[in-house]
Structure formats: structure tokens, C-alpha cells
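Per-chain residue numbering starts at 1, and chain names A, B and C are given in the order in which the chains are listed.
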Amino acid sequence: MKNPSVRRRVFKERLFRLTVFVLASLVVVPLAFLLGYIVKKGIGVVNWNFLFSMPAGVGESGGGIVHSLAGTLLLIVIAVALSVPVAVATALFINDHPKNRISRLIRFTVDMLQGIPSIIMGIVVYLWVVLPMKNFSALAGGVALGIMMLPIVIKSTEETLKMVPESLKEASMALGAPYYKTVLHVILPAGLSGILTGILLGVSRIAGETAPLLFTAFGNPFLNTNIFKPVDALPLLIYNYSTSPYPEWHSLAWGASFILVAFVLILNLITRLVVKKWQIKY
Amino acid sequence: MADKILSIRGLNAYYGMKRAVENVNVDFVKNKITAIMGPSGCGKTTFLRCLNRIHEVNTEARARIEGDIFLNGENIAKMHPILVRRRIGMVFQKPNPFPHMTIYDNVIAGYRLNGIKKKKHEFDTIVEKALTKTALWGEVKDSLYDRGTFLSGGQQQRLCIARALAMNPDVILLDEPTSALDPIATAKIEELLNELKENVTIIIVTHNMAQAGRISDYTAFFYLGELLEYGTTEKLFTNPENEKTENFLTGRFG
Amino acid sequence: MSIMKARDNRGGGQGSALLLSSHQMKEKGFASFLLFAGISVLLVLGAFFVTMILQSWPLFRETGLGFFTTLRWAPMENEYSVLPFLAGTLMTSLLSILIAFPFSMALSILLGEYLKTGPFAAAFKSVTELLAGIPSVIYGFWGIMILMPLIQSLQIKLGMIPYGVGVLTASLILSLMIIPYAASLGRDVISMVPGELKEAAYAMGATRWEVIFHVTLPYARSGITAGFFLALGRAVGETMAVTMLIGNSNFIPKGIFSPANTMASVIANEFGEADGLHTTALIAVGLVLMLLTGLINYAGKSIMKRFQVGG
């Protein structure tokens, strides 16, 4: 019979705890280092000129990224405009008919869509939009990003809608309100924080996506606001500049990386504030 | 003179700055059932949880105690909590058998957790004995290697008692063990406790006065964190000394 | 809808009948709009599959099963095979999961058990979320600047050609990327283990490690497995960081220091300049990729569902 002493077991426990802490710290260190490196290399590059001027010639120093910033913005607007109405409506549908076969199919589809690699999104939208149009465009890029946003917004909205108590809906209907009014004036406002969270999370995700843009928005060394023409974006710029041999372009890529990371961070913070402020407790 | 197995001296229990149990002094008698009674919020559960030092586990609650608890003369504060808990077992309000273990493994979980290895036939004996003592053997002997999830609430609670018994503790603490069970299951467990007390000391927190009256030999009455009265159940129920005890027993409050 | 019928009789008179029917039309219109939105989501996914299958069909007609059995990818000679890239994908993803496993488990246990509350917990959690949000291309950039030279000096010490890029580099960057993701999934699962079970174990005299090993982890086992499946799915589909660090070679990698290509990276590298059958072949590679990730994610999600229902 084996009866390990208390001492031995306590020692095991301490050893285990130490291992866990050490391993966890080992992870945090390089990752924090990564973040720190981005900040260090990027922050020096960012200035007014950087943000608002066009790129200089190849190999020349200076220049800016305004065309990429504008492109990213344009793509986000298109993606949000295309995906949010569909996503919210879909979430409302599945919330109304939770056991319906179509709803179950939709939930399955949303899960599947979320798992599709972003490069495949690029291929498919290339086939659907770029080929028929015979050129790359911001619209194609926006469509690709929009499809990527769909699952995020649908899930976030549905989660919040689920929390709206049945009694609220019934109260509204009992007052004689038609259903669509109930939705617009009672249910949606109650679920607003979820919708906003979904949008913010979706945007922070697609802002950094490169692969879907490679064959859709394609990139553009010039500033372009026409949605039917190719457009540049921050992640595209980072990809192109970082894989180039020019150190000046590397600096610009660090600056752009810093902006992108800062953007994601700020969106995350805003999301948390939104949830706190707009969330209705029942 | 009855044997004192667990002696409490000057026990105060705090959650952070808030005092939940005040200056309790009591001696628990060996191999008897002692009931701890009182209205909600009187500190009885807090008090119970000090006895096996389980209050130390949830650091968020910031529970701490002052005073001494002696198990057979040894101060449990000076013992390692692991050893304390091997000698003082606990059964909780909501039955909590380990869902990912078979019935067999649940009964000997205490040994597994403590890393105590025995031969299979030794474990087999322990399992059969424990389940027999809790009147479960006949009901589960053919499904020992199934997960316990098909058991009813009452059976699950008896499994938890078997699990605690398998370790051969000196004392078993029970925190309202039947409050989640129907009357028939409750009756079975009460019957069980009555038989068990021959070999193990039982301390049971209950909010059910009738239960205390039915099964306990001694009763302690708690009120707002203080031990107002302690004595044989017979005396407490028929001729309480403290007015509040009487009021509680006659249903004036609580 | 029966509430609607009841209202028909209230507020009587013919005038309100007109008002009510216009409401009813709006109702129907609104309900149709919702249904339409839902169905369009289904159609999008369906169209995805149909497009990918149809567009890669010409290639399968050309190569038949050879796509999965031959070993050469040589567009110039019209030879196409998915195997080099399947190998690249599997090697990098599995290696990255292997590397990430101990670290993300440690992080999950740390955040799910030891540091559930308090300032450190919040800090760790925020940093983890932030890191999970850093775009792939930035990881790749950092990898080129920092990781590549490191691997190069290692290769020099080992007497190999200092490519700097290859399976190992790509796997390392992948593991850095999935650790925060896997850790937060694991943390969620571990913190959901019911406190009463842990308490029962403590009450029997178990140490913290024993409770974790005998109760918490077995209970959370399926959830943790599901988490790793999902992380694997993520690793398989990762494109940018891998493309930037894998070395762009279309041969089956011989070892962890070989340059290679994954299914995602060969598409990223060659799709822009491909045409004709080459393009179709790349789409076929994409189809295989899509099916692989779909399978892995489906498996992960089903295991996760079982975890949430049972115990």
C-alpha cells in the first residue's frame, strides 16, 4: 500500500504551481516584447506628414500612407453597409423562430462561414465580383470583408436578443402594437449594445485582414475613392512594404503596423465601454 | 462521562471585516449526532465550515477565524489541512458526486485524490462496505462501473455519504444534506445517520427542526452568530433555558 | 399571430379595418424581409461551395485522382498535385499546436484557476485579448524582422544553409498566434467547472494540484479538446504570417528547416500571376483547404456542444 506523505504532495503542488506560472510568463514575455517592438519602431514614424501624404518614390524616404488609410476606411464603410442590415435581420429571424429548421440551418451556416479561411473568401469574391467587372475594386474588397463580418454581427446580435425577456415583447403586443413596431421600438433598442458590439468586433477583425484583399481590392499606390476601382489598405501596405528590400519602406510598414494595432486596441476599449454603458439589465 | 471528540474554544469567524460567528465554545460528543440549528443567517453553516478548515479554500470570501479547534486534543490549526480533512469528512447540501467518474471511482475518490494506492481487492472491499453502510449496495452493485448520473437525488446524496465514509473519518460534517431531497429520500438518510453514529461522530446543520428532533442526541442553537444554547436534544426541546431558543422552537420566528 | 386576429375585433368599425390591413401588409412585408435575410445567408454559404466545386472541376477532369497521389507541382508542365501543400499545412499546423500546447494549457489553468480575479487577472486577460486581435500580417512582419535572423543564426550554428524561413519558422509564428486564442478558450472552459465539485474534492483532503488533475481537468477535458480543434482549424487557415515565413518552395518539406508552402500560402503567392489551368489548380487547392478547415471546425464545435450539455 502506498500512502504518499503530506510533505510530498504539498511539494508536488508547489512544483506544479511554479511550472504553470513559469510557462505562462514565458508566453507573455515574447508577446509583450512583440507589442513593445511594434510600438517602439512605429511610434517614431507616425507624424502628420506620415498620416496625410502620399507615398514618395520607390526607395525614397519620407512619404505617407494617406491612400491606405483612406482605402481601409472606404472598405470598412462598404463592408458594414453590406453586412449589418443582413446580419441584424437574420439575427431577428432566428430569434423569432428559434426551433425552426431554417434557423438551425442558419446557425450551422454561420459557424461554417466563420471557419472559412480568409484567402478562400478572396478567391470566391474574385470569381463573383472581380471577373464580371473585369477589374479589381474597393467594392469587391468590401464584399469579401462584409461576408467575413456577417457571422460576428449575427452571433453578437442574437446573443443580446436572447436576453430580452419575453415579457417585454408581450407587454408591447398587449398594447396593440404591431409586431414590426415592437421589434423596431422595443426589441432592437434593447439589443442595441449587442449589435454595436458585434459591429465593433467585426470591424476590428476585418481592419487587419490582408488575404481577402489580395485579389479583390488589390492595392493601389494612389489615393482612390471610387468604389469601382482598386484601392489600397493598411494591411496590404504592410504586406507589400515589409516584404520589399527597402529599409525606408520597412519604416513606413512599422508606422502602419502601429496605427493598425492602435486602431484595434481603441476599438476593443470602445467595445468594452459600449457594453458597460448601453447594456440594459433586466 | 461522554467522550469529547471535537472541542471548540473562543471561535470567532469573519468574512473580511464582518463577523459571522461570535465567541463559540462547545464540545461535541463522540459517536453521537449533534444538530446545529438556527434561523437563516445565524452563522451555522459558516461555523460548520470552520471545523474542517474548508473555509480557507475560497480565498475570495476572505474568511478567517480566531480561536481554537481541538480534534481529540490536537489543535487542527497546527495540523496540515489535508490531514484535518481526512479525519473530518464533509457532505454538502446539493449532492455532488463527480460526474466524470464511475460509482466505484466516486466511492474511493478520497484515496485517489490523496494518492493512496491499494490493491484492487482492497478497494473492492472498501466500496462494498461503504455502499452497504449507506444502503446503496443492493441498488448499484450491478452498475458500479457506470457513471452515477442516473441515480436519483437521494441516491446521489447517499453516494456522497459513502464517499466520505470510505475514508474512515472520525467526524462527518453534513450541511443541510436533505434540504434538496423529497421526504422519502430524507427519511432514508435519517435512518442511515442513526446507524452510522455508532462508529463515527455526526455533526449536522439543519434548518428543519423536526429533523433535529428526530435524529439528534445533542442540539446547538445558533442565533445571529452566537451559540445561544447547547444541550441534549431532549432537554433543549422540552425545557429550553434561553427564551430565544423557545421562541424559535415554537415558531415565533425563523 | 392570433393576437392579431383578436385585435381585429377591437376598436370596431370599418375605418379601422383599413388601417389594420395596412398594418398587416407591413407585418407580412417585415416578416418576409427577415426571412429573406436569413435565406440569403444560407445562399451565400451554398454559393461558396458551389462556386469552389464548379471552378475547380476542370482541374479534376485533367488530373483525376492524381491530384492527391502524385507529388509534383509544376505549372509549366501542367503537373499539379496538392500533396506538397497538404504536407506543408499539416506539418506547420500540427507542429504549432504541439509547441503551443503546454503554454496555452498553463495560461488557461493560470487564468481559470489561480488568477480568476484581481488586477493581474484583468491585466492578463486584456493582454491576451489584445494579442489575439493583432493582424496576421503584423505577426509576419515581426517574424521577418526578428524571428528570421534568429533562426538563421541557429542554422549557421548547426551548419545548415541559413534560409531563416521554413517549416520551423512558420510553425513558431503560428504557435505565437494561436496561444492567446487557445488560452482564452481553455480559460473559459476551466472556469466553468462547478465549484461544488472542487469543494467536494478539497473536503477530502486534496491539494490544489490534485483537485486540478483529478477533477477540474477531467471535467473540462472535452471542452479543452474542442478548443484545440478550433485552434488547429485556425492554424490551418492562417495565410499571411505563414506566407511571409515559410519560404515559398513547392516541394514536400524534408524536415523542419526546409522551406515549403502551405495550401493557403501557395494560393497567396501564385494566384495573382496564374492563368488558365494554373488558376483552376489553385482553386482546387483552395477547395481542399476549405474542406479540411470545415471538417476540423465541425469536429471542434460538436465536441464543444457535448461539453456544454454533459459533464
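The rule is short, and it goes like this: contacts are C-beta pairs under 8 Å (C-beta built on N, C-alpha and C of every residue); 3 or more make two chains touch, one makes a residue touch a chain.
Note that the structure is a prediction, hence the values are computed from the model and not measured.
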With centres defined from CA atoms, tell me which chain sits nearest the overall protein centre.
C
Counting C-beta pairs in contact, which chain pair ranks first?
A-C
Return the chain whose centre of C-alpha atoms lies at maximal distance from the corresponding centre of subunit B.
A
CA centroids of subunit B and subunit C: separation to the nearest Å works out as 48
Roughly how far is subunit A from subunit C, centre to centre by C-alpha average, rounded to an integer in Å?
15
Whole-angstrom distance, CA centroid of subunit A to CA centroid of subunit B, is 53
Residues of subunit C touching at least two other chains
207, 210
At which residue positions does subunit B touch at least two other chains?
82-83, 114-115
Spell out, as numbers or ranges, the residues of subunit A touching 2 or more other chains.
9-10
Contact footprint of subunit A on subunit B as seen in their complex:
80, 82-83, 114-119, 122
What part of subunit C is in contact with subunit A in the complex they form?
3-4, 7, 10, 23, 26-27, 30-31, 33-42, 44-45, 47-48, 51-52, 55, 102-107, 109-110, 114, 124, 127, 129-131, 133-142, 144-146, 176, 179-180, 183, 207-210, 212, 233, 236-240, 244, 264, 267-268, 271-272, 282-283, 286, 289-290, 293-294, 296-298, 301
In the complex, subunit C residues that touch subunit B:
116-117, 194-207, 210-211, 214-215, 218-219, 221, 310-311
In the complex, subunit B touches subunit C at residues 52, 54, 57-58, 60, 81-86, 89-90, 92, 94, 96, 98-101, 109-110, 112-115, 149, 160, 163-164, 167
Please name which positions on subunit A make contact with subunit C in the complex.
9-10, 12-13, 16-17, 19-24, 26-28, 30-32, 34-35, 37-38, 85-86, 89-90, 92-94, 96, 102-103, 105-106, 109-120, 123-124, 127-128, 147, 150, 154, 173, 176, 178-180, 183, 204-205, 207-211, 214-215, 235, 238-239, 242-243, 250, 253-254, 257, 260-261, 264-265, 268
